[in-house]
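What follows is one structure encoded as structure tokens, with my remarks underneath.
A, B, C and D are the chain letters, set down in written order, and residue numbers restart from 1 in every chain.
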Amino acid sequence: MATDDYRPDTRRLAALSDGVFAIAITILVLSIDLPSGSDAGPVTVEMVAREWRDAVSYVLSFLVVGNFWTEHRHVFDHATHHTRDVEWLNILFLMAIAFLPFPTSLLGDYGGLVPVVFYAAVMTTTGLLLYALWWVVARNEAFFEEELAPERVRYDRLRFLLYPSVFGVSIPVALFVSLDLVYVCWGSLFVLTPLLQRRLLADGGETLPGGR
Amino acid sequence: MATDDYRPDTRRLAALSDGVFAIAITILVLSIDLPSGSDAGPVTVEMVAREWRDAVSYVLSFLVVGNFWTEHRHVFDHATHHTRDVEWLNILFLMAIAFLPFPTSLLGDYGGLVPVVFYAAVMTTTGLLLYALWWVVARNEAFFEEELAPERVRYDRLRFLLYPSVFGVSIPVALFVSLDLVYVCWGSLFVLTPLLQRRLLADGGETLPGGR
Amino acid sequence: MATDDYRPDTRRLAALSDGVFAIAITILVLSIDLPSGSDAGPVTVEMVAREWRDAVSYVLSFLVVGNFWTEHRHVFDHATHHTRDVEWLNILFLMAIAFLPFPTSLLGDYGGLVPVVFYAAVMTTTGLLLYALWWVVARNEAFFEEELAPERVRYDRLRFLLYPSVFGVSIPVALFVSLDLVYVCWGSLFVLTPLLQRRLLADGGETLPGGR
Amino acid sequence: MATDDYRPDTRRLAALSDGVFAIAITILVLSIDLPSGSDAGPVTVEMVAREWRDAVSYVLSFLVVGNFWTEHRHVFDHATHHTRDVEWLNILFLMAIAFLPFPTSLLGDYGGLVPVVFYAAVMTTTGLLLYALWWVVARNEAFFEEELAPERVRYDRLRFLLYPSVFGVSIPVALFVSLDLVYVCWGSLFVLTPLLQRRLLADGGETLPGGR
């Protein structure tokens, strides 16, 4: 569109995003409760261990957000400018990231069907917003200083769909199959991510112009 | 004024501002309460749904702050230097931004006339501070490397007045007309903002020097 | 010292400091309590107004920290490198800044002699640390690309001593004279700061090399 | 590995890390409780003094994290690019940093054997992760624009092992010797760190290429 010349550079957008990422992952720790019954004697190992569910959801959310961060950086690695659409899509994505401490607390404090499904639904939405962000940026050639190769785009699509797909699939698994299997689904991400990346490397998907 | 040569560049000012924005929008999530009555059995859908008011005020505040952020960035996009006045006006503006989690909590937890009016008053003040910041920067030619066109300034004025006007108008609406209409007022912002921007584009208001 | 070549540039030091400043001023808002007695009917104007003491200490701390931020930036404006001493002094200073939400909460929630003296003592310490930081940086010519004029150093000394002096003097005032007078002392800062700066401008203290 | 050309620059990695560091050290203050029994009269000196344990663990954690920050910056000072391994190791390290407010709260609120050992164990782990990060970056010549001297690497190894060693040794000390001695161990860090750095300087360990 010839009249839309609004293309600020991406530095402050990256700064705001890094800030929200950093804060969201750091306040996750506030969701871990201090042992209760503390006035009634010294803290025991059992009292700390009882917080294991909080610890698991802390680690899980931290790693998932860590992954979203690397992917978000990937989106803006080559893009030097952006449009208003990208800006607002990014704000929606950050709204989802900033919201994550809530489902993490819910999952860590209570567990059970509703918190698991709610957590998976929020993660699926967040992943889809990031996918949309990538798609809007990637298809817009004007953002880039050099062209993206078609294979590169194909690989990236797979990569950005991995997280929302796995979290999306885990919702019916939770509802109709088993809650334990959900954790297997989510854990599989930490096996699938490096596998997919190794595959990309082997195929040369990451040796394209721009070095990434 | 010839003797006032204090014109530090705007990078650390932008860094502090982005930090405050990022933290203010991220700690908004702390205003969403965990479901109560949690020890008495599993979490139900109703218990999560009961937090809808918190969720609405979270989304509303996030989008409004997101808008303030894009506008704030707009103010400093072309300005490469600033003065002490700008610095202190910016600190006052950040004080208002950092304060927003409080009225958001109040609105989300209680609703009712006082929280609604209080929220609208805080947002009006925040918007007026941003307008003042824009005005002080825009009229000061020394901040810019290239001159701003008069039409550009006229459009910007409209844009920076939109938020404080709508929130300001919503105060008498809340007091004398109806609380439900207030939400319509506020929601109208998310229709008016893109409309105004489209209009600006059509008129060429954004194709002025500087590309924004 | 010829063997100490450790002079990293100041960018990440500034980034960490801006982060701590931004977070410290933003979590000040968490010290403002939501109105209590909320389940017993709608929120009234009186319930919000009862939080005035919290609001006053929020505004006071925000403006004082805002001033510390502008002064901190001033310290590192011309310094392009730093040493380990500067690094650790800066970490001590940031420790004081990060601590401020605690005395602010104490002052806002309780008031009275002990919180007032404690608040003044913390602010005095913070101001003295900043003064020490300025002094270590300013006397070390190697940090600067251009020499600092002696008058400039003299003016800066006054400026950096203003805050710790006023807060230091307010301690005996609180103990031996009157608590109300303390607030007058503190409020005087917001009159003295612009006066001092105007004086500096008139004397040309800010037109020295470097433009600040 | 010839096919792995993924070497983004380290700026956003540094920005995210500085953000997490800044937030983690700033929310440490939230672990200091307000005096209780506040409604029953004015705040007394004893009520503030009773929080000394919180204050000690605040200062200790702040200084340890401050040290981790200077070391983390040291790791990336010369490295201009990084790989996926470095990225994920850094995310694990940040997870440990972001977690520190929890053991700090536990130590400050309760004290006793379990919190002391838990605190030491978390600090040991964090230190080892930073050591691993340093090791992965330092052995990879491709990250650097100029080669690192072998003596430099030897000195750095000592330096990065200091913190995990002292915290690691304090665990059996706590379990089998005495809890008081643990605090002596930890306090020794603030004597050993400057001594070690002086030694390095005397040996010229810091005058190697790169000026650090």
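Just so we're on the same page, a residue touches a chain if its C-beta (ideal position, glycine included) is under 8 Å from a C-beta of that chain, and two chains touch if they have at least 3 such contacts.
All values derive from a computational prediction rather than experimental measurement.
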Q. Which chains lie in contact with each of subunit A and subunit C?
A. B, D
Q | Interface residue overlap between copies subunit A and subunit B, same or different (over half shared) | A | different
**Q.** Rotation angle superposing subunit C onto its copy subunit D by C-alpha atoms, nearest 5 degrees
**A.** 90
**Q.** subunit B and subunit C: spacing of chain centres that average the CA atoms, whole Å
**A.** 26
Q | Two or more partner chains touched - positions in subunit B | A | 15, 18-19, 22-23, 27, 30
**Q.** Contacting residues of subunit C [partner subunit B, same complex]
**A.** 14-15, 18-19, 21-23, 25-30, 32, 34-35, 38, 42-45, 47-48, 58-59, 62-63, 66, 69-70, 73, 77, 197, 201-202, 204, 206-207, 211-212
Q) Once bound in the complex, which stretches of subunit C touch subunit D? A) 3-8, 12, 15-16, 18-20, 22-24, 27, 30, 84, 87-88, 91, 94-95, 98-102, 105-106, 109-110, 112-115, 118
